[in-house]
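This structure is in structure tokens; I'll ask about it shortly.
Chain naming follows the written order as A, B, C and D, and within any one chain the residues start at number 1.
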Amino acid sequence: MAELRVAMIGHAFMGGTHSVAWRTVNAAFDLPLTARMSVLCGRDAAKAAAAAEKLGWAEHATDWRDVVTRDDVDLVDICTPGDSHAEIALAALAAGKHVLCEKPLANSVAEARAMTSAAEAARANGVRSMCGFNYRRTPAVALMRQLVADGRIGEIRHVRARYLQDWIVDPQFPLVWRLQRDKAGSGALGDIGAHIIDLTQFVTGQQITGVSALTETFVRQRPLVGASAGLAASSGAGTGEVTVDDAALFLARLDGGAIGTYEATRFATGRKNALQVEINGSRGSVAFDFERMNELQFHDATVPAAEGGFTTILVTEPEHPYLAGWWPPGHPIGYEHTFTHEARDLMLAVAAGEDPTPSFADALQVQLVLDAVERSAANAAGWTKVEPA
Amino acid sequence: MAELRVAMIGHAFMGGTHSVAWRTVNAAFDLPLTARMSVLCGRDAAKAAAAAEKLGWAEHATDWRDVVTRDDVDLVDICTPGDSHAEIALAALAAGKHVLCEKPLANSVAEARAMTSAAEAARANGVRSMCGFNYRRTPAVALMRQLVADGRIGEIRHVRARYLQDWIVDPQFPLVWRLQRDKAGSGALGDIGAHIIDLTQFVTGQQITGVSALTETFVRQRPLVGASAGLAASSGAGTGEVTVDDAALFLARLDGGAIGTYEATRFATGRKNALQVEINGSRGSVAFDFERMNELQFHDATVPAAEGGFTTILVTEPEHPYLAGWWPPGHPIGYEHTFTHEARDLMLAVAAGEDPTPSFADALQVQLVLDAVERSAANAAGWTKVEPA
Amino acid sequence: MAELRVAMIGHAFMGGTHSVAWRTVNAAFDLPLTARMSVLCGRDAAKAAAAAEKLGWAEHATDWRDVVTRDDVDLVDICTPGDSHAEIALAALAAGKHVLCEKPLANSVAEARAMTSAAEAARANGVRSMCGFNYRRTPAVALMRQLVADGRIGEIRHVRARYLQDWIVDPQFPLVWRLQRDKAGSGALGDIGAHIIDLTQFVTGQQITGVSALTETFVRQRPLVGASAGLAASSGAGTGEVTVDDAALFLARLDGGAIGTYEATRFATGRKNALQVEINGSRGSVAFDFERMNELQFHDATVPAAEGGFTTILVTEPEHPYLAGWWPPGHPIGYEHTFTHEARDLMLAVAAGEDPTPSFADALQVQLVLDAVERSAANAAGWTKVEPA
Amino acid sequence: MAELRVAMIGHAFMGGTHSVAWRTVNAAFDLPLTARMSVLCGRDAAKAAAAAEKLGWAEHATDWRDVVTRDDVDLVDICTPGDSHAEIALAALAAGKHVLCEKPLANSVAEARAMTSAAEAARANGVRSMCGFNYRRTPAVALMRQLVADGRIGEIRHVRARYLQDWIVDPQFPLVWRLQRDKAGSGALGDIGAHIIDLTQFVTGQQITGVSALTETFVRQRPLVGASAGLAASSGAGTGEVTVDDAALFLARLDGGAIGTYEATRFATGRKNALQVEINGSRGSVAFDFERMNELQFHDATVPAAEGGFTTILVTEPEHPYLAGWWPPGHPIGYEHTFTHEARDLMLAVAAGEDPTPSFADALQVQLVLDAVERSAANAAGWTKVEPA
């Protein structure tokens, strides 16, 4: 069977999840291509070598510029922090490689626009590009999308989206790169707010047209970093300034008539990865919390009132999106397979010569919403239109 | 409007809940009779007087023998411990009074049989009698019954019933009357096990025909009682023997083909009043926990698998049993109104000249199940048939 | 024992709940006063007479002006729609009567200011006044307040408040008075939004200082009313314009440094009376949903991570606020007793010669927040300060 | 690094999950050995070849007798139906191979005894053997074990265990091998009942000493199988007799003084894979449902009553058992990793020269409980002692 030879740039948290995806996707799904984990690229040779061995990559490399032009690479999978996405993606697209780029697409609208243009140009040559908003591929989220698309929710009135974490509640948690504007672009807003923007637009089929926003940085000075691993880190000596938001809140209008409340925060004590979405429409409602990612709450308002209520759908039936590849009903799957499903859909698109979603253009639009949020927050929460792509 | 003049014997825990019922029933429901709280009877005159004033009874009395023959009393409401039920009920029935008797009907099968015979004799004279298995009148339980009766659960396969409390986990909790066989008849078995026997038979429309049982007393010596109030009590000097079961477990077969597991215990740490019932049938399932008494879990197996699951029905719609008398949807009601509903149904029966349920005969049958459980437990869990009434 | 002779003006939904309160409060709690349900007042004599009998009032009357000056009335309980609150309260205070006024205090800030001034003047003469934000007296809400006050939540970062209902999702639901600005003042905002403003300010001990808001009316024309009862109603002929908001969303800053999202809507399909509040602080979090009013979710961040999580506290222990008056642990209470607790606290204050809370001044401040929300919504969600009282 | 070369016999449902384990274990955990997926063995060469490629095995084979004696195999992983376990395991042990045998260890006590003896003999030569009760390695289950072992639950009073599935509720579901006694040994009892026996004994550290049991076959004739895959299957022509139990219920006593109710059924409509366990002790309780496998309910009875309740621990913290290998807090893992953890622990034991658990002797003891259950059910639920191993 034809192979899809993958080069992965970066091997921290996202490198780990993407490695699961490539390692697993052909065992779980019958696909027209076989993923080959060709090369892992990281700046430190020793660390890259260790990561490649542990995560199952055939080779390692240290210079991404070499890697993205190698003849034996079909797809470049970008798992680095956001400040290097544009440069790597542009080079890979220029070299005719398919690109999977982690979200956020870029740290600025300008970069995202450049990447989108490059992706559209490359598309003419059959080069595919995709941005990794993995939560779309949670089966329960895909089921929400399906229910909305099938008209089961009716006309959507309300979107209620929160992404709640608590990993920096402690003021002694150190100043990791995610808390620095030059590396991360923004704080909770871009890191996790971007996910709920993408996810709710995906599920509703509507786009945010304007926002009113407020951001806050609760802890403005933090210890400098000693050592870090994944999202965990220890403190070193000295302190530095937090230059991103700890929390971002906004109200929104969507182009199909819905109104929404959005909240992204790293200060929701006790909430670990609570990506919570509720959508209310004229015919029904859906509600979801990623901490119970295998469940969807569905209310069908056409059922007689005496039997109505929210049904807890255990999203583990073979009829459910992506579940045919997994276990019998009632056997949960884990977070990492949102990435496995991403890899699956990308491989299907590549094989079919079709464009996968979300495209870079889709990701640019999310970036434009983030931009409107920041502008509104800087302007006393005044209503701010999302700029056209 | 015609009155139903009530005399209540006993004014401890059950006296309080029954007083709410009589005080509330006409405000909540449109009924053909008006309840009049005529006289409260207790052994201690001062306590009875205070209780009558606080609970809203017009008079108090100390001798139940006088009370049950008064001309200005239509109904005798027996809220005393089980060891006096038979004597009072027999006298009241003999005096031609309607009788509402708290469960368990009696402390022995012999007494229960005598009471049932008396009730059936009195019935010929238009005298009504009812045993107070109040949990039947929880709206969610009545809704379960209705779903079963409407065929929505199909052929019932499994009954899973537990009544879990934890108020005597502490070995220093004193030897209250409920822990003494001569006063209470049995322990968890008769006190709370009786409720799940009645409730599951009511909901399924099936009767238990045989059991295999095991009982246990975890703490065999306890301090003697200092003072008690409701279910709370403090310790005095000295210790005494616990002569009832702390927990009773049994397997059962029901006459419609279902099989069941039953468990009643006062040692389920953290479970306060968890009367939990689940019923699985060929077309669906229902599940209930009294700690969330306003909710019913309903699974309709005829719904397509991809949308299936347990629906949390908030049992507060006007279409739900008893709810027309209460608040708008989403506004919970409390425990005490299981008694208000009991009073309502009893008053409707009295006014219509019909027999309310559960009858004394129904309560005798529960007693016979309790008896079979005790005999099985005494006989190495050997299969034991429930005797015919 | 001394009596508190009550006159209740209005006998619709709130009249029913307040009647429960006055009827029940002395049976549930040991109090220095006895409530006497003296007179119920309604415009239609026949309806008032029927209501008085059903709800347990000694007399009925039709002219509130007479009632509020009667010598045998100590307290006037105002349960009419908001447009008559000011006139009745001013007259009652002028007559030297204690006043309990349902929320919202008034339909306009000007009226609320006048009422507050009158209440403060009357206070000099020992006249007490209270506004009926009943949800404060939910035991779980009072427990939240206590945890915050005890420092268990730490520095509060986030308030997340929603009041979700769905009773007008159907566009054929008729144009009841609650959908008309001249009678109701505003829509979801004043009716249910006011509750979450009061409740979150009560629980956090912080006041909202500024807002950014958006309101929406999804269904702008509705059938005229045929007949109505409680929140239910049927349609008549013709249609009319909905002149209030169906939903109101706002972001807020509180004076203690917290930021908040607020949402009040009657279009949250499947949510019946979901008053949901979550508060995150530096030491812990609490979360509450009125549909499970006997439960509080509490996360204590000082517990080791491996044992941490949200604890479902069943708020039915005798140690819990108001619970000493009720049933043993695990036996839920209902919505109506938020009013019973209100009556209790008011009676204690009257007897002690102290001012009950929330005062009219507290209610005026809520009104000022509502006013800021409406001004922000009218001004493109621009940041709007809450005016000082 | 040293390799552990694995041969897997059988490649149906369990073959799939075990393949994930071997493929993943070194990427997730730092281990002293590297698993090598050497050879997959299946009777049909074409199917075995396809499975080997899809699941990631280097080679395939068709004759297990050859495979278990190959020099380049260190461990034989037995994933076939129970009727061939004994033969394969005995051969593998005789060949000096480590053995991982799926549960149930065997279809009869006699076979299980023979396997246990062989394992103990092989142990003298450094050969390790383990039975695959994978649910023990669910992190939340391991956490339960830890809490019990740390004394946090106190003296255990109650064990409440259910394993509820519903995949054969439809009487038209065909007569797959799991419904035939000669192939499967027993029905729900051995298939899923064995899991809750092992799991509760593991968590409590107590062994079941006697039982009283009842089994039932609700549907006695089923269509013959057309085609099957995993747990799914379609019907062919003709019918045959179901020769195993559909449901098994039993009461038990454990050697530490606890009493228990156990239920295993395939007729719990709406319950897909609900392995539910609750344990109540003198100091606390734990409750678990595999359908929410990343959560544990823990009640600490030493907490003051007003703050007490069941805490939902999201078992995704790095401090939790096995979680250091996975994702940040709040990111669930899936069913398959119960097997990954099994492989991890087995590899650690092999490398350390220690015996992994559960041993064949442990599995034999489970078999003896199953045997006692069947004997009791055949003897009118009479109390039946579990035979000594």
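The rule is simple: a contact is a pair of C-beta atoms (placed from the backbone, for glycine too) under 8 Å apart; a residue touches a chain by one contact, two chains touch by 3 or more.
If you want to know which protein each chain is, UniProt gives these names: A, B, C, D = Oxidoreductase.
None of these values were measured; they are calculated from a predicted model.
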For subunit A and subunit C, chains touching each: B, D
Per Cα centroids, the chain farthest from subunit D: C
Gap in Å, rounded to a whole number, between the CA centres of subunit B and subunit A: 54
Cα-centroid distance, subunit B relative to subunit D, in whole angstrom: 41
Rounded Å distance between subunit A and subunit D, as computed from the means of their C-alpha atoms: 35
For subunit C, residues that touch 2 or more chains besides their own: 271, 308-310, 314, 329
Parts of subunit B lying in touch with subunit C, wherever the complex brings them together: 13, 16-17, 19-20, 23-24, 26-27, 54-56, 165, 167, 230-232, 271-274, 290-294, 314, 316, 318, 326-337
Complex contact set, residues of subunit B against subunit A: 143, 298, 300, 304-314, 317, 319-320, 329
Parts of subunit A lying in touch with subunit C, wherever the complex brings them together: 157-158, 160, 162, 164, 166, 169, 212-214, 216, 218, 247, 249-251, 253, 257, 259, 261, 263, 265, 267-271, 278, 280-285, 299, 301, 308-310, 380-383
